[in-house]
Amino acid sequence: MTISASTEAPLDRRALAARLAADIPRGSYVNLGIGQPTTVAEFLPADAEVVLHTENGMLGMGPEARGDDIDDDLVNAGKIHVTEMPGASYFHHADSFAMIRGGHLDVCVLGAFQVSVRGDLANWHTGDVDAIPAVGGAMDLAHGAENVYVMMTLFDRTGAAKLVEECTYPLTGLACVRRVYTDHAVFEIRDTGVAVLETFGCTVAQLQGRLAMPLIPA
Amino acid sequence: MAPVIVETPDEALVGVPDGATVLIGGFGNAGQPFALIDALRRGGARDLVVVNNNAGNGNHGIAALIAAGRVRKVICSFPRQKDSWVFDGLYRAGQIELELVPQGTLAERIRAAGAGIGGFYTPTGVGTLLAEGKEHRTIDGREYVLETALRADLALIKAYRADRAGNLVYRKTARNFGPVMATAATVTVAQVAEIVDVGGIDPESVVTPGIYVDRLVATDLGPEQLAESLVKAEATR
Amino acid sequence: MTISASTEAPLDRRALAARLAADIPRGSYVNLGIGQPTTVAEFLPADAEVVLHTENGMLGMGPEARGDDIDDDLVNAGKIHVTEMPGASYFHHADSFAMIRGGHLDVCVLGAFQVSVRGDLANWHTGDVDAIPAVGGAMDLAHGAENVYVMMTLFDRTGAAKLVEECTYPLTGLACVRRVYTDHAVFEIRDTGVAVLETFGCTVAQLQGRLAMPLIPA
Amino acid sequence: MAPVIVETPDEALVGVPDGATVLIGGFGNAGQPFALIDALRRGGARDLVVVNNNAGNGNHGIAALIAAGRVRKVICSFPRQKDSWVFDGLYRAGQIELELVPQGTLAERIRAAGAGIGGFYTPTGVGTLLAEGKEHRTIDGREYVLETALRADLALIKAYRADRAGNLVYRKTARNFGPVMATAATVTVAQVAEIVDVGGIDPESVVTPGIYVDRLVATDLGPEQLAESLVKAEATR
């Protein structure tokens, strides 16, 4: 079975967020990582009943706060002021990470430097000896849900693929990523290898030309 | 997913497989989900492993479940009570297994399961029969014993009030094991006195966030109604 | 230094409870074990500001409930209906035993079958092969406070001493008991041995005649 | 003992020894006990080990404490931020130590210390740089790494309201590390917006029971007052 591109061009960041949002089942409990993954929230339908978790101690997080809604005691993991949805709850950090580590969330969406064919994730450290390492909740979130989805550009600024045979950056977690949502395609990490679920502005054959691992057309 | 709200305890207990490990809340009568335990018994699942602080009292609740021959093993801290005759008799007859766990270790093993912790080192029990055969380890000059997470297929708990998102609050010492058990099972069923609309529980006061609750049933039975329901349950067995 | 008996006769249960209560510092957080230790509460002065913990999830436990105060959701570790003091708080079982195991209580008072010269405690199991073992919170409480006090009769019904060189009953905890309050004397477990702090209706010499270990007059 | 209620943050921080390990609550500005951190700096203790989620922002709070040369080591999950220049500079110059801990492991290590747990097996970090040299173990088919309890001499936390028994409630995500840190230090100092009489907090809603709080100070500084107090503090250094 072959699949044809579902769009004529690669997805821009917002289109990618919308694409990922469409795959989040109704009523899911979801943690959206800092940065680009945060934008997924904007594309969840109002009736999706998705409950957002923020690792600094809240379920039922609402949109970014504006104006009079800004409350210094209410921030998300990115330290951005947010709001509270009806049915929210607050809990302390140990309870919040118990929720993550215990696998209670349905979906975690994370950014990445690299993802390997086995679902290894590298997203916390460039390995640069001069860099000050900082991990935050990344290693916890990497194991925090049945469905860990990565959202990233498929290639870095130099054109090198970020979906790789083996991660060269320091790892965040082993075999933890289920799907990889990129501007060029959506990939699923399977026991049998990397499957392409959908392409954007390219064919699987074209992707295969730029990626090192064999791709399984879904 | 927000919890499924069902009308009766029996609907809440549909599909419990034989051999299931079941966490059951309560310390004495306080916080014990009698309506759910009775429904579990009526459901007919066998070879259950029951985790509770005790091993049943009198002829009701967990004792009735045990008397009905549904329980293969009890994991608890304190089986022996003046009215634990149902368990006592079967245990002495070698017809039911017992795993005895110190109360704090029981709570912590359940918490560990819910929190994704595989095991932990506790000072409780070091040098005692209950630590025999378990790994010991000295950390910072103190001796500890390794205990592992206790996960379950099903948790039956009793809370006081729920909202439709599944957030729970408890009442006084009826809180006991409920909040940790809710986190440690594949399916958590909560029996509550009332279910209010979303927004009806202060987010600062939620004890069990809705993410941990799968099925919810409102069942505000007083002692008399409870006795009546038990009689009816016996009649239909 | 020698000490003389502070009373002419051994203490009865209530007098022993009163004697122990007098040693609990003002403002302490205290867990009183099931049975005889529970009676200590009756002898705490009203202005002692002692806060009682019950391991089934409460700080600020009040006296036993009577009449209309009885609430089926409010019981102590012995499953007796109790009341709530101002400033009370409720917490779940894991948090309650974290409080115990973490050593946050000032005093735990426990009953015992035997206490050894090193402070080993035996109070959960007679070792009888026909007995159904039950431990409850005893092993946690044995390590639950800097000051674990035992309250017991010094001799069992056969006249055998319960303060022993080595416990013959199965242990609850190793080297955990600080003091032993009995009808005949108050003992302190020290690195150097067993000290007698006070006697009731007997002399240290008389006690020495009935106990196997050397006694240190305090 | 019920907590000692003091009038000023400086009184609350009397007697901090050099070399102390200090847990400091907060995630970003939310829940960060700025008044206590400033008092710690004014108190002059040196060679401190500071445990916080971050390593200071801008020139205030923990950053000011670090800038004053009081901190030997930072234990945190996320030192690098756009305004963490004080820490960044000293770290690059080799003048401050860093122990990097995944955020959930940090919270759990602190909880373990408060709960009398010597160590625990967590899946977080397995196969990564941060687990190198640590014991690994497979339990029920899953691989875990051993992490140990993180105890401290002092905890500085910010809550919203206290009663005179030391019971605390927090506000929204300012709760974060406060409740676990309060349990894990020899001395816990809480900065709160207000102190009410005993009975003024619902026993069902208490987040930190008073047993964990040693010193209490009410300090409801708005941003302007805070800035002013900082300027004064700088002037007296």
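Residue numbering begins at 1 within each chain, and the chains themselves are lettered A, B, C and D in the order written.
As a convention for this text, a contact is a pair of C-beta atoms (placed from the backbone, for glycine too) under 8 Å apart; a residue touches a chain by one contact, two chains touch by 3 or more.
Just so it is clear, the structure is predicted and the values come from calculations on it, not from any experiment.
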Review point. If you tally the C-beta contacts, which comes out ahead, C-D or A-D?
Key: A-D
Revision key, fill the gap. In whole angstrom, the CA-centroid distance of chain B from chain D equals 35
Point to revise | Centre-to-centre distance between chain D and chain A (centres being mean Cα positions), rounded to whole Å | key: 30
Practice item. Determine the centre-to-centre distance between chain A and chain C, using the mean Cα coordinates as centres, and give it in whole Å. Key: 55
**Study point:** Per-residue multi-chain contacts in chain C, two or more chains
**Key:** 84, 90-91, 97-98, 100-101, 143
Point to revise | Set of chain D residues in contact with two or more other chains | key: 108, 111, 115-117, 122-123, 170-172, 203-204
Point to revise | Chains that touch, pairwise | key: A-B, A-D, B-C, B-D, C-D
Exercise for review: Would you tell me which residues of chain D are touching chain C in their complex?
Suggested key: 1-2, 111, 113-117, 163-165, 167, 183, 198-199, 203-204, 206, 209-212
Practice item. Please name which positions on chain B make contact with chain D in the complex. Key: 108, 112, 115-123, 137, 139-140, 142, 144, 148-149, 169-172, 202-205
Check your understanding: Of all residues in chain C, which touch chain B in the complex?
Key -> 54-58, 71-76, 79, 84, 90-94, 96-98, 100-101, 120, 125, 130-140, 142-143, 170-174
Point to revise | Footprint of chain C on chain B - complex, ascending | key: 27-31, 77-81, 87-88, 91-92, 98, 100-105, 107-108, 110-111, 122-130, 160, 170-180, 207
Review point. Which residues, counting only chain A, touch chain B once they are in their complex?
Key: 27-29, 49, 51, 53, 59-60, 84, 86-91, 97-105, 143
